Amino acid sequence: MDRTDPEGAIAAAAARVSNWGRWGAVDVLGTLNFLDDAARLAGAATIRRGTAISLSQAFGGDGPQKGWRRRINPLHVMMDSGTDSAFGVQGFPHGAGGADDMITMPLQCSTQWDGLGHIFDHAVAWNGRKAPEVVDGMGDHVTGIQTVGARMAGRGVLLDVGRALGTDGELPDGFAITAEHLAATIQAQGESAHVRRGDIVMVRTGQLARVRRGLAAGAGWGDYAGGPAPGLSFTTADWLHGSEIAGLATDTWGFEVRPNEFDEAFQPLHQVVIPHIGLFLGEMWDLEELAADCAATGQWDSFLVAAPLMVTEAVGAPLHPVAIR
Amino acid sequence: MDRTDPEGAIAAAAARVSNWGRWGAVDVLGTLNFLDDAARLAGAATIRRGTAISLSQAFGGDGPQKGWRRRINPLHVMMDSGTDSAFGVQGFPHGAGGADDMITMPLQCSTQWDGLGHIFDHAVAWNGRKAPEVVDGMGDHVTGIQTVGARMAGRGVLLDVGRALGTDGELPDGFAITAEHLAATIQAQGESAHVRRGDIVMVRTGQLARVRRGLAAGAGWGDYAGGPAPGLSFTTADWLHGSEIAGLATDTWGFEVRPNEFDEAFQPLHQVVIPHIGLFLGEMWDLEELAADCAATGQWDSFLVAAPLMVTEAVGAPLHPVAIR
Amino acid sequence: MDRTDPEGAIAAAAARVSNWGRWGAVDVLGTLNFLDDAARLAGAATIRRGTAISLSQAFGGDGPQKGWRRRINPLHVMMDSGTDSAFGVQGFPHGAGGADDMITMPLQCSTQWDGLGHIFDHAVAWNGRKAPEVVDGMGDHVTGIQTVGARMAGRGVLLDVGRALGTDGELPDGFAITAEHLAATIQAQGESAHVRRGDIVMVRTGQLARVRRGLAAGAGWGDYAGGPAPGLSFTTADWLHGSEIAGLATDTWGFEVRPNEFDEAFQPLHQVVIPHIGLFLGEMWDLEELAADCAATGQWDSFLVAAPLMVTEAVGAPLHPVAIR
Amino acid sequence: MDRTDPEGAIAAAAARVSNWGRWGAVDVLGTLNFLDDAARLAGAATIRRGTAISLSQAFGGDGPQKGWRRRINPLHVMMDSGTDSAFGVQGFPHGAGGADDMITMPLQCSTQWDGLGHIFDHAVAWNGRKAPEVVDGMGDHVTGIQTVGARMAGRGVLLDVGRALGTDGELPDGFAITAEHLAATIQAQGESAHVRRGDIVMVRTGQLARVRRGLAAGAGWGDYAGGPAPGLSFTTADWLHGSEIAGLATDTWGFEVRPNEFDEAFQPLHQVVIPHIGLFLGEMWDLEELAADCAATGQWDSFLVAAPLMVTEAVGAPLHPVAIR
């Protein structure tokens, strides 16, 4: 890999892994096409105990965002409250009272899916469409996240690379996870970790656990949002394509390793993976409880239900992913 | 039922159905306590084909809200777009570009769960707590919706009262669904519609189908948000308590019949059900596709995954409920 | 005027009235260049009694907006309140308590100035700049409204065309105000209504008074936001240029007559006036109290202070214009 | 002053300076009653050159707020842009195009007036009203900032205490400005700085100049929002009352000295001044350019026009204050 030529590397990778046209010219689902009912049924077949594990971080004011490109933390405000109710100022009869609230938030502020309109390569979006014809100032008129619907439910495989290859369960910031690392993790975890067509893969780096220790110690979120982080190597583009997975989520802000592996770059793997492979990326997922349960039971696959909030024409959406085990 | 005395009727019903203290003084889960792993496993056991059906309405600007108590429709705005990307004004290297967006919305604007801090009876909240000690202007410090976590996944039973008892599959506005109507619907639907402890029950009235015809005809949403609607009768409080269900969702704005069944009232059944039973109510769910599938297959139960978005200290939250069949 | 050729008419008018380059290539102030200290001093010299009259409509939820292009009415929400204070939940010592609030609003939702980056002609902005180089998804990087600073204070002349030429003080919707109508109004009002270089002209049509009667009668705002309205004729472009005024404000949503005077058009006068003349347009001003005072005193000029809220890189801004008399 | 007894000191000061009932039981204007047409005319009489000086800080994302009690910096987002216009995706005819934007902001995020409903003393608001009857979760139903209207225009006197008594024009953080300091400043500045009934007084501490040097040096805003600052001493309550001024504004976040002058306190002077005197407080004003002009000319009074944005039922509001000289 030539560190000085991200543009060339991106072009070469894109040529190798492109799924453009694979599901027709009008396709808006990309790798979700791999997640059919049979794959989903296989996911459901992993359920053993009926336990539900949350994979969501919080949506609150104390989040990691620092305002980069105006991405703030969620602003949650009450419109009616118990204090108002107690003072009888709400105007309802017979002792009725209530509380109501609202939120203002970037759709990528916490646990989320990147939609297929989130990233472009030279102003070209998924399936070869011109970016401005897909997403203008009014929204994503083609691949809006609502097109995902309920499809994002299937077999979820946790690859706990932090546990398999890290120190005390964590990879250091800047650690680039390669296809070999993924293979070694699968090998270490065993049969239930084998990745199949249509799976949703979750890669745990351990960074969130490390950041949480800092939070508990009063150090704040630090640079979790956009700073150095372990993550997928640019070289995994072929694995991400060849594995025919439906989606991939991590416990980090940005899915791929940071600093990126070129001298001057910004999320080059995104630029291959979203517009060319049509892969859905999940970011800022909380994989801690799931990882502990997987390690304790030796079962690394779950039934994962991860439908995004149905925001019309959004280029991504928050969600509450749940692993059923 | 004395139409002139909602306050007396509410007090009497509350006395009969109260779950206060049932799960200890510190409980924040209410009827979610019924939904244990065994119940969830029974829900998962209903999966046959691996089909995922969305039960979510859209979150967009063309929604039903009309500003009552400042409840507006979601305001979705782009922060970066494909047009910006194409003009190269985003400042990213090597042809990278992206789109980003944000939303401003009341948490009860579309498909949602009411949390246990949403409704009070004479300024008393779930489990007997004083409302102002639970929810003030900063949020719900006790029963915030994030306490639900991933628990809201289990056996979901659709009771299509509209189909069983209505005309052309729909109940008229103002139709009060009684316990007898629920029983008749279960009877008509058969074994798979029997309601068990820990279930999440979905009641389809057909109102949403009717409103959608109006929308398609250009008539707009009309009074879907707060106007006349079919819904649960105040008299179902005992059924809702005795059935030991974990939650109940409808395809209407407000769950209970409107106009309410007292001369002067505002959602009296809410006032019993949320603070006294500790029951989770889902509103504005889209049950149309599920209903069609249930009718076609004769199977009325599904595995329902319905975890709310994890908004910290919110009194309710939007979600994308998914039925797996 | 050829009703079938707005594009030709716009091009011809633009050629006649263009101020491009008049104040140099880097100019961002347009017609505000006419409003120098001498003009402002002449404005101040009109002050007689020390009376201050508000020219602002309200910024509240009950406004005229109907969501066109996502323009909603202001959403004002409390973050702290007197009820919270009274319950002692705010955590302040020695009996301190407070209320705090926030707003979410389109910048053009109520009384406002259009900035010079608000309207383009064939994607060209004021002074001949390419629109995407002026305003992208991050804001107006050249003519942001904060560049106006405090300059917008000077002699304000009210031309009450509704009173001079209308029935019961109001022009009917669709009435196109021509240069002749302006001249007749000035003639009727007398010496103090003569328009001079650097003035800010206010044109009262009377539409707001009519709409307010509807509001008082429970009819709502009707189509005030974007519907038929009296307003400036397309043919006034030359007058707006030749008069060398600094700005012009009306009591209507959109300044120019609606329906527009071409078979198929959208605010064609804006397209000439903002990008080519560089003129600041004020909309949704409340000129009722001022008009009554002018009529009672026979003095039609005031000292007008109308600085926009300093929103960084905005293409317009709300304000509270005040006439001092 | 007993540093250990803020509650006692507040009660004593409140008893001395109370204006409750002075303008009748229904009064909502407080000290604005002092600012009559005669006082305003006297203000206008100070105009010499016609120069307009902005006293507003910016409303943008790079502001001083750090999220205290959810006070964020303004979030300004485009709804339409020049890039969209250039791509012809806006749907307008004949080459028309435009840009539009919105803002989400706490009303106290930048240059603002505190309204009379902003601060309570033991849950009692201006004129002796019970706080929850004035401001609930729906807004300030009594003293909403819109009641100020256009009245806030008059003689503005700058007291540049930083210049008169500080080092290099700045008071250090924690410097408590007393009545004696104010008198000394007036004395130093001369006749045009004499404060009269109905004046709006501006006190420059120089803190903003110091913070701006930090900003220019890349140090960020530091603790400008809520940290240590020079400001009015608690002991000035009597001066603020006896001077019969209409309002007072500073170049700091919080008007009074910080840390406050009691061992444990939160803005004790606010607690006297707003609910008991009924005085309007301006905060985060930019007095730098005005101060330079005053020093250069030796004239310390201006015509100050400072009408708040007319946000319905708000407890304060942003504004663009302008000094005309």
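Letters are used for the chains, namely A, B, C and D, taken in the order the chains are written, and counting of residues starts over at 1 for each.
By definition in this document, a contact is a pair of C-beta atoms (placed from the backbone, for glycine too) under 8 Å apart; a residue touches a chain by one contact, two chains touch by 3 or more.
Labels paired with UniProt names: A, B, C, D = Cyclase family protein.
Quantities reported herein were computed from a predicted structural model and do not represent experimental measurements.
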For this session: Any chance you could name the chains that touch chain B (Cyclase family protein) and chain C (Cyclase family protein) both?
Result: A, D
Problem set entry | Shared chain contacts [chain C (Cyclase family protein) and chain D (Cyclase family protein), defined touch] | A, B
Seminar exercise, completed: More contacting C-beta pairs: B-D or A-D? The answer is A-D
For this session: Express in whole angstrom the distance between the two chain centres, defined as the mean CA positions of chain A (Cyclase family protein) and chain B (Cyclase family protein).
Result: 27
Exercise. If you average the Cα atoms of chain A (Cyclase family protein) and of chain D (Cyclase family protein) to get two centres, how far apart are those centres in Å?
Worked result: 45
Seminar exercise, completed: Flagged in chain A (Cyclase family protein) as touching 2+ other chains are 61, 70, 75-81, 83-84, 86-87, 89, 102, 104, 132-133, 136-138
Exercise. Quick one: in the complex, what on chain A (Cyclase family protein) touches chain B (Cyclase family protein)?
Worked result: 6-7, 10, 36-44, 47, 49-62, 69-71, 74, 76, 78-83, 85-86, 92-108, 110-111, 117-123, 125, 130-140, 146, 149-151, 153, 262, 264-268, 270-271, 303, 305, 307-316, 318-320, 322-324
Exercise. Okay, in this complex, where on chain C (Cyclase family protein) does chain B (Cyclase family protein) touch?
Worked result: 61, 67, 70, 72-73, 75-81, 83-84, 87, 89, 104, 132-133, 136-138
